[in-house]
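After this come two complexes, each holding chain A, first together with chain B and then together with chain C.
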Partner chain A sequence: MFSYNFRYELKLLLRSKWIQLLSIILLLLFGFSGYNGKEKVAKRKADIVAAKNEVKENDEMMLRLLDSIEKGMEVSASRWTIPTNPMVVGNYNPRVAAMEPQSMAFIATGQADLFTHYVKPKVTGDDFALNFTEMTSPVQLLFGSFDLSFVIIYLLPLIIIAFSYNVLSSEKESGSLRLLASQPIRIQNWVLQKLSLRFFWLSVLVIIALLITLSILGITWFSTFISFLILIGFILTYMLFWFAFAFLVNLGAGNSAKNAISLLGLWVLFVLLVPSTLNQLSTTLYPMPSRTLMINEMRGLKAEVAKKQDKILDNFLRDHPEYAINDTTQTRGFYHRYMASQQLVKEELKPVFMAYENQLQKQQAWVERLKWVSPAITIQESLNKMAGTSTGDYEHFRKQVVVFAETWRSFLTPFLYNNQNFTQNNYHDLPQFEFQPKSVTEQPKILGILLFIALSLFSIGFISSEKVKRKSMLKLL
Partner chain B sequence: MTRKTFFKESKELFRDGRVRITMIIVALLMGVSIWISARQYQNINEQYKVAKTSERVIWDSQGEKNPHSAAHYGTYAFKPKYPLSLVDQGVDKYAGTSIFLEAHKRNEAQFSAASDQTGLARFGDLTPDFMLLFMMPLIIILLGYNSFTKENEMGTLTLLKSQGISSWKWVLGKWAALFLPILILTTALFMVAGLILSNLKDFGVFDWSSLLWMYLIYTTYYIIFVNLILFISAKTKKSGISLVVSLSLWILSCLAIPKAASNIAEERYPYPTRQEFAANVLKDKKQGLDGHNPWSKEAKLLKENVLAEHGVDSLHKLPFNFDAYRMQKGEEHEAEIYFKHYNYLKDQFAKQSKVYKGMAVFSPYLPTRFMSMAIAHTDYGTHWDFSDAAENYRIATQKFLNDDFAENSAYGNWGYRADANFWKQLPAFKYSPPKLDTILSQNFSNLSILSYWLIGSFALLLFIKKM
Partner chain C sequence: MITIQNLTKKYNGQIALDQLNLKVNKGEIYCLLGANGAGKTTTINLLLGFIEPTSGSALINNLNVFEKAKETKKFLAYIPENLMLYPSLTAIENLDYFSGIAGKRLSKESLISFLKEAGLQENAFENRITAFSKGMRQKVGIAIALAKDARVLLLDEPTSGLDPKASNEFGQLLHNLSQKGVATLMATHDLFRAKEVATHIGIMKDGQLKEEFIASDISLHGLEKTYLSTMNYKEVEL
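Up next, the complex of A and B:
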């Protein structure tokens, strides 16, 4: 019976032009979204390279200047841009702290359009003044991006719904159900076989379309084979979910239109309503403290600190006697006072700013727990993490930058307090930023759980229809 | 006959359990979303008031200080929230809310709400605009997908053919039956919104005509959907297929096309990255007059010109402090540079807008969205307007401070301190958003695209025949 079903189904799908139509649609969708993803990644890489080149140029200029000065020559630069001053190096020759794209970055834009991928922390200014948001038109942020993850999360389920809403009901409506009832196969087995075959064919088409798209776009998927397999795993499991819903709805034995409405209702619920409600709840449960009020607080503190700069410097030097010992000149200027008070501002403001990160982490943890409520959220989170563009990834980057900014500062401040010149020899010791991507480990676990839920849905359908078999069969006929 | 069709269709819809449940759910969600938005609106406005007054107190109580130190110390401009944001939040979530106004630098608005939220925020919020723009068209689809197909499926088409009803009367009856519940729902919603808004404490900025325009825009949007769904229903044979086609139309116009448009717009007319932008500005600044650098070529040129103009041979003989004068000239030069670079951004966005308008041919959602945001003062245009106003205020503030410095101190006197009461003389920053008629004339193209859609979709209905 299965082999007969297999052949019949294939014939049906080919003759109704379903397979042909689907191939074209999938190729178009994957092609367009893959192209968009690739362009974004290319731009991101180019931006980072350009920034690094600019730094290189500036560095060469700085080294030339240092060289001239060390040889005792006259230089034509203004007094406060001469790089023997460590603060000049720290401000005018910052390093690029860049977040290089991951190999799978093209699959999901995630938060990539919202946040910047490189910053140049300076010695002055506070870490909190580092602006991590990107300069994007808010309209673009509002509409979002047509990326692979959009196609997978939003569009693929709709294709599945269009592909499977009337598996059983069309038989009923065309009258062939009576014929089917005389066959030696149980109705739920038959629906299951039919849906499995459709799942099989759709999976084949999706994989082929994805492979074609990636090779046309020149994305080397083979080098990241494991990630690619996991991506396929996520797509297929998500598809399986929607087939499970289709199975349940089909067994409900309504007419085609009712089935379509029920499935679409599920789509609206899981893809639109549940995520937006959860988001609303997470911001209500863990509200962000007001940023405008934070500004007030920050300003008040800075004003106070500015009034007491001299005292702050004295205290700072008392805490750091090494500076007083190493330096014979004991000259103290603007930067000495500034850096010391900046240190204080930073310490005082830390709790204020940590409140934001903490609150965001709480929201994140809450979402992490509740993501299982909707497969769309689970998949979105997983794809973003895979692409390295999730909220967590950017938080990870921010933290590394803050640490690096401190390294940068603490490399240069001893020069300042020791009143020691920055020289060519020190150039090679300048700290460099190395981005460490967040490791993703729980992918197999998520896949396993999703698969388990999807299969449970199938068995629920199987068991419940077993119980009401008699009744439903009568109703169907 | 039209009336009979109308009553029959309405009765059918009313008796359908699914329709009733959906309507109840939608009404409930609408209520919740309005409640949430109203609460948010009040919260944010309270914070805005507190922030604004305490920032002013901080500014006023600087004590004796050099005016240029005060210029570096700076002040903040906070973006207010407008009453109609209750109906459409627009891009507010993605645009910053406060601009730091300091010497030598034009800053961008900081702290967008979206950057303080999880990735879930990108799915959208449960706000009235989400319900109005996404859910209502879905309701129209649910109510209307089988309007014509059911006649075929139930076999009533044969009966109908024997009746002496003309096609257009029949269509009109169905149209009215589908549109009426939508109209009632929309009207009720806008009435509630109007009542809430007019009862808010700071009613000042809210006017009923804006709300009425919004109501008209949304009603037009729904009429377009009603027409399209009826057309699809008439042209397909089976209800299931009609539903799937209608839904594809919905997802195309509300989700896929806006996203695709945003990708195309970005690819064709990209914004520079924040760092690139800053680097470009810096490059231009280096070439011109720097108020802090008296040794540059430009500064020397300025000195010669000023000396010649006043017919004196030394800066000390000038009737004002030349340091402060140069500072002001430098400020003006920098302001010009920022003007140029921000204009480039605006240009890019104007070009992007054209892409959106071009894509609006395929999606009635786009012109509706842009119109609605514009009227609610939550669009990108208003944000630009606000940031321009803040910039003008910044320039005026710099002039105010530099002038005081120049007039009340002698050349070389960097130790000059302005009186502690001086800061209070700076006028407060005031911003009022563009008026309704300005918005309407600025968005004329969106309005006309929407009317083309309206006319075009009505024209489609003419093709419906009883066959």
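Up next, the complex of A and C:
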């Protein structure tokens, strides 16, 4: 039966104008979303390149100034911009700490609309002053990004519903079901085979659409072949979910309209309602501390600290006798006091930061635990992680930047307290930021679990339809 | 070939079929006559395994229909009142598909020979079913039965809506099948066609088999008279 179903299902699909139209729509959706994703990645790369170029230009200027100064020439620059001062280098020539896009970044915008992809940590800045959020189009935030993940998670199920809602009911409505049911076949098997074949052909269409899109856009998917295979794995597993739902609904023996509404109801539930409810619940259960209140608290603390900066500096130097030994001038200025007080500010603000981070972690852990409630959330999370645009990825980037900011300060602070000039020779020792992407290892496990759940749904449909098959048959005919 | 013993079917306490006993042997054509709701279609649905009986048994080729539903369907073919096939497939493709899912792999030559035997005109073999008349679709249905090598044929009002020529051709096809030893059970309202093709005729009312004849033992007029009196209808004098 399978080979006949396979052959004739293909013939029926190829002869159906509706299916031809759906295939063209699918191709256009993949093409347009792939293009959008690529444009976003290109803009992100261009922004990072522009920031690096700016740093490069500033560095060239700095090196020219240092060269002139070291040759004993007079330079026409303000005193507070002369780079022999390590604090000038630290503040006016910061390095770019950039989060380079991953090879699969084009598939999911994820949190990329909300967060910046590079920062320039300054020597006098504190960790909280590092601004990772980015103003973006409110319209885009409202509607989301039309990227591949949007097409896969939101639109592909609708195409699957259009592809599968009436596999059995159309036979009933056209009258061919009685003839079919009189053959030595089991209707459940026949429906399962029909859906399997539609799943197969839609999978072929999706893979072709994806390959065509990537080829046209010049995205070198073959260089990241494993990632590409995993992406295909996620898409097919997600499709399998929707075909499992279609199987269950088809066996319910309703008419086509009822089936379509039932499947659309499941789409609204799993794609819209569950994710938004979980999101709302996570912010209700674990509300983030007010950023405004934190800034106020930080300012108050800084003002307090500023009043007793001399005492703080004395304590700091007592704790760091090496600076007194290396520095013969013992000159102390604004930056000496400021940098010494920074450590204290950092320690005092630690509980405030921790409260913020703890809530964020609790939110993430809560969503992580409940992501299995909806395949849409699981797949969105997985695609975001593949693209390197998940909340976790940005958090990973933020932590690396905080570490780098500390490295940047630690490199320049000894120059300050030793009252040592920054020279051209020191330039090459300046710390550089290198982004280490978060390793994604759980994908096969997630794929396995999703596959198991989808196959379980098929099994439930099959077992329950066995129990009610007589009743169903009568209802059907 | 078909043996029905004390077959009863109730829907929510309402009797649809009441203690039906019936036998159709190899090569016989048994026509079940009766008004709407008499239990003809229920009998066929039971034989097809579409519904379960309240009590009684039905055997096809000595296999219990309700215990071996899938096996019994290997031996039977069914043509409903409106035989609907896949409109976007041709006659040959429909025949190939239905015989294929029934487990018969046939060459194109065999498929063509079955369509010819069923009386479908050759220029329609490669045409899509969408433009076929009911009579042409019935012929494809007969071709499916032939291709399946069915030993039992179940027909539910197959001639309703057919023009006299098509109805006559259909009767001829049934006769040919009976010559091959196929046992046929046909539910119909068409007394004329029943008298013409049947070897046995039964009249049903309220789920019971009220009358049963050998077709050759009764004239068309006699059949009509018996039918009307069984149904408690008055014969209208013309």
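Here is the rule we use: the second predicted complex is superposed on the first by the 475 of 477 C-alpha atoms of A that agree within 3 Å, B and C clash if a C-alpha of one lies under 4 Å from a C-alpha of the other, contacts with A are read in each partner's own complex, and residues count from 1 in each chain.
What we mean here is this: a residue touches a chain if its C-beta (ideal position, glycine included) is under 8 Å from a C-beta of that chain, and two chains touch if they have at least 3 such contacts.
Just so we're clear, the structure is a prediction, and the values are computed from it rather than from any experiment.
Of the two partner chains placed by superposition, only chain B is touched by A:Q364; chain C is not. Contacts of A:N5 after superposition: chain C is touched, whereas chain B is not reached. Once the two complexes are overlaid on the shared chain, A:I216 sits clear of chain B and of chain C alike.
Touch criterion met: A:L278 reaches chain B, while chain C stays clear of it. Of the two partner chains, neither chain B nor chain C is touched by A:I460.
By the document's definition of touching, of the two partners only chain B reaches A:Y154; chain C does not.
By the touch criterion stated above, A:G175 is placed in contact with chain C alone, chain B being left untouched. Counting the residues of chain A that each partner touches, chain B and chain C differ, and the larger count belongs to B. With the contact threshold set out at the top, not one residue of chain A is in contact with chain B in one structure and with chain C in the other. Within the complex formed with chain B, the chain A residues making contact are 32, 36, 39, 43, 47, 50-51, 54, 78, 110-111, 114-120, 131-146, 150, 154-155, 158, 161-162, 165-166, 169, 255-257, 259-261, 264, 268, 271-273, 275-280, 282-284, 288, 290-293, 295-296, 299-300, 303, 306, 356, 359-360, 363-364, 367, 376-377, 380-381, 384, 390-391. Taken in their complex, chain A has these residues touching chain C: 1, 3-5, 8, 11-12, 15-16, 174-176, 178-186, 190, 470, 473-474, 477. Those residues of chain C whose C-beta lies close enough to touch chain A in the complex are 45, 48, 50-52, 70-71, 73-74, 76-78, 80, 82-89, 93, 96-98, 100-103, 141, 144, 154. Of all residues in chain B, only 18, 29, 36, 47-48, 50-51, 54-55, 58, 62, 73, 76, 78, 90-91, 93-98, 108, 110-126, 130, 134, 138, 142, 145-146, 238-240, 243-244, 247-248, 251, 255-256, 258-263, 265-267, 270-277, 279, 293, 295-296, 345, 348-349, 352, 356, 379-380, 383 touch chain A in the complex they form.
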